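Chain IDs A, B, C, D, E, F, G, H, I, J, K and L follow the sequence of writing; residue 1 opens each chain.
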Amino acid sequence: MSNHVYKTIELTGSSTESIEDAIQRAVGKAAGTVRNLRWFEVTDTRGHIENGRVAHWQVTLKIGFTLDD
Amino acid sequence: MSNHVYKTIELTGSSTESIEDAIQRAVGKAAGTVRNLRWFEVTDTRGHIENGRVAHWQVTLKIGFTLDD
Amino acid sequence: MSNHVYKTIELTGSSTESIEDAIQRAVGKAAGTVRNLRWFEVTDTRGHIENGRVAHWQVTLKIGFTLDD
Amino acid sequence: MSNHVYKTIELTGSSTESIEDAIQRAVGKAAGTVRNLRWFEVTDTRGHIENGRVAHWQVTLKIGFTLDD
Amino acid sequence: MSNHVYKTIELTGSSTESIEDAIQRAVGKAAGTVRNLRWFEVTDTRGHIENGRVAHWQVTLKIGFTLDD
Amino acid sequence: MSNHVYKTIELTGSSTESIEDAIQRAVGKAAGTVRNLRWFEVTDTRGHIENGRVAHWQVTLKIGFTLDD
Amino acid sequence: MSNHVYKTIELTGSSTESIEDAIQRAVGKAAGTVRNLRWFEVTDTRGHIENGRVAHWQVTLKIGFTLDD
Amino acid sequence: MSNHVYKTIELTGSSTESIEDAIQRAVGKAAGTVRNLRWFEVTDTRGHIENGRVAHWQVTLKIGFTLDD
Amino acid sequence: MSNHVYKTIELTGSSTESIEDAIQRAVGKAAGTVRNLRWFEVTDTRGHIENGRVAHWQVTLKIGFTLDD
Amino acid sequence: MSNHVYKTIELTGSSTESIEDAIQRAVGKAAGTVRNLRWFEVTDTRGHIENGRVAHWQVTLKIGFTLDD
Amino acid sequence: MSNHVYKTIELTGSSTESIEDAIQRAVGKAAGTVRNLRWFEVTDTRGHIENGRVAHWQVTLKIGFTLDD
Amino acid sequence: MSNHVYKTIELTGSSTESIEDAIQRAVGKAAGTVRNLRWFEVTDTRGHIENGRVAHWQVTLKIGFTLDD
């Protein structure tokens, strides 16, 4: 929380399990290429319906990280 | 995703279990009368409190479906 | 639902478990000092990321209760 | 407030009298074809002007009702 | 509703009587200087409190009118 | 309007009569415990429907007051 | 604009041609089952991308119509 | 983009042709009375339906211009 | 705060100095042609970047004033 | 950022100096009665105009703090 | 729509021709550097005015694409 | 303002000094890696509180730049 500059990116994770799992998958994917992830904020919760049931949970996140010096 | 026309309706599902279960109940109810359900989007997440605990999760969804030709 | 007056307060609950657990913790905390809690509405779902995983779920709620006569 | 599923429809009532009367007319119209109306929420308050006076109050509502089992 | 161009202005009417009266006063004031007023839309409903009572209702409107040819 | 600090609280008043009466009841309730109420702003207008008629008007307000020195 | 009650439904039209054509297709579909359509309002403009080009324009509308007496 | 002050007005253009034409008509009308128009932003896209077809496109714009020194 | 009617206009002030200075310039410009200015509300804070530095602060305001009787 | 529960209150600070000073005054006032203040978020920036100049900056904040265990 | 993770970027396309052309130019530009573009959503429609006519249409899009595994 | 395509990124700058300084730090950081920065828009103004005073100003910006040909 010092004089850092943070960047925010927007990802959508999807999961057949739960809202939390869709978020974890998006965060995990981001962690594969970006260091210093700090927080996320949910901006949209959607899903795909097949045969009258939720087939995939799709959660869109803003994810913030510290820019390296 | 061709030249179909889609209609959106708004339902609120409730559950004593979880947010996901409230959504599944709303989708399942819609599936009882409407064919070709495709997607949903959460517009509101609320709940009812009894004795200092969440008694019901109440989730409002927009649910989209293809209009039959 | 008669001529009562309701007050709304805004709390953020956090949990290492799930979105639902973060909400239950905020409601439980409110129940420790306020009587007659009636409903909540989620206004923000965020979280803290550590080591490329969600470490805490942080959910902000408006919580409504009846003002005592 | 148990495990019901609710549906929301959007109507606009109009009245030469008042905002409340425009709302009552929309609710009354809905009651003619839908059972189990429970609540409404105002989403827009407009009106038509003639001769420098409000001629009609037009109020748009979301109206919620329980889906029959 | 033909090829006219409409202009919208924003006024706030106030009244000690009611929300409808505050709106009528704003519309009436506009009618004193602008011809062809057609519609209004409420964008904000506020008020001033004195001695624990609403002293003035203050309603902000967008008011639309046809531009003269 | 000098160097005061103001606090805002959120209340919902309800009434069987009118929108204005629901607001007056919320303001009156606040006046019973808080001094120096100054203004309100409506954030939500809802109601409860019974037998196809509006049974209660429920209006949510932000109410502002000066903090005592 | 007299004492009618209006209902609003939400449709999404799609077209390979243009935004206007997607809207016309949604309005035309609605006209096949609902009488007295009066107006529409665009709430979302999206599209599907294939091979680096917009393949379908998808426009979501609120469409209003007079309820029959 | 120097120390100018800009003013924004809100107009609605209508056209039987297209969304772009409705915007051009509103801009053209503004140009008849205001100098130094610089930009516009669409705030609402609506239309009037007759005989199951869009009869008029109605587009509301904020239009910005430099205030003369 | 009596039975006055207020009008709101939207201006954008710009400054090379600060956000506050951009606001003062817009208010000062309005004061050159309109009497009885009462309040402003910031609706947008933007700026122009040159050579990797903020070159102009651009702040958009709603400015309210009493209409003369 | 562990399993704490946070509460948010809404205050408006005012200052004749600057936006930052209005915020500091609101935060300082809150610190006089609440422990463990953590963050703020600006929700509205307004001001009072006298003699064609900004006389007071009025900034509304949400201020968050940890609830004591 | 399986367990993919999607990323969203925000671009503004401009065109002297039409809204659709401005969108196609933004999508085409994105396609030059990003694979697997799937959808877009319009978030802002603006334009530049010269000589009392729209000189450029400027449309801001969110564009979504699948992250490669 | 010709047929360029612009990209927008979201950064948060922080400063112990002022809102303007937090913005300059975010813009300066972006300028270290991106050419042709053109404008910014503030989307959130927050801060961190320590010992009853604002310790850091944190301002979130959308920053736009021209994509190289």
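Keep this in mind: contacts are C-beta pairs under 8 Å (C-beta built on N, C-alpha and C of every residue); 3 or more make two chains touch, one makes a residue touch a chain.
No experiment lies behind these values; they were computed from the predicted model shown.
Rotating subunit D by 120 degrees superposes its CA atoms on those of subunit J, with the angle stated to the nearest 5. Relative to subunit F, the most remote chain by averaged C-alpha coordinates is K.
Averaging Cα coordinates per chain places subunit F and subunit K 44 Å apart. Chain centres here are Cα averages; for subunit I and subunit J they lie 22 Å apart.
With centres set at the average Cα position, the gap from subunit C to subunit J is 22 Å. Among the residues of subunit H, those touching two or more other chains are numbered 9, 19, 48. Taken pair by pair, the chains that touch are A-B, A-C, A-K, A-L, B-C, B-D, B-G, C-F, C-J, D-E, D-F, D-G, E-F, E-H, E-I, F-J, G-H, G-K, H-I, H-K, I-J, I-L, J-L, K-L. Residues 18-19, 44-49, 51-54, 57 of subunit E touch subunit F in their complex. For subunit B in complex with subunit G, the touching residues are 1-9, 62, 64, 67.
Of all the residues in subunit J, the ones that touch subunit L in their complex are 19-20, 23-24, 27-28, 30-32, 37-42, 63.
Across the complex, subunit B meets subunit D through its residues 9-16, 25-26, 29, 48, 55-56, 58, 60.
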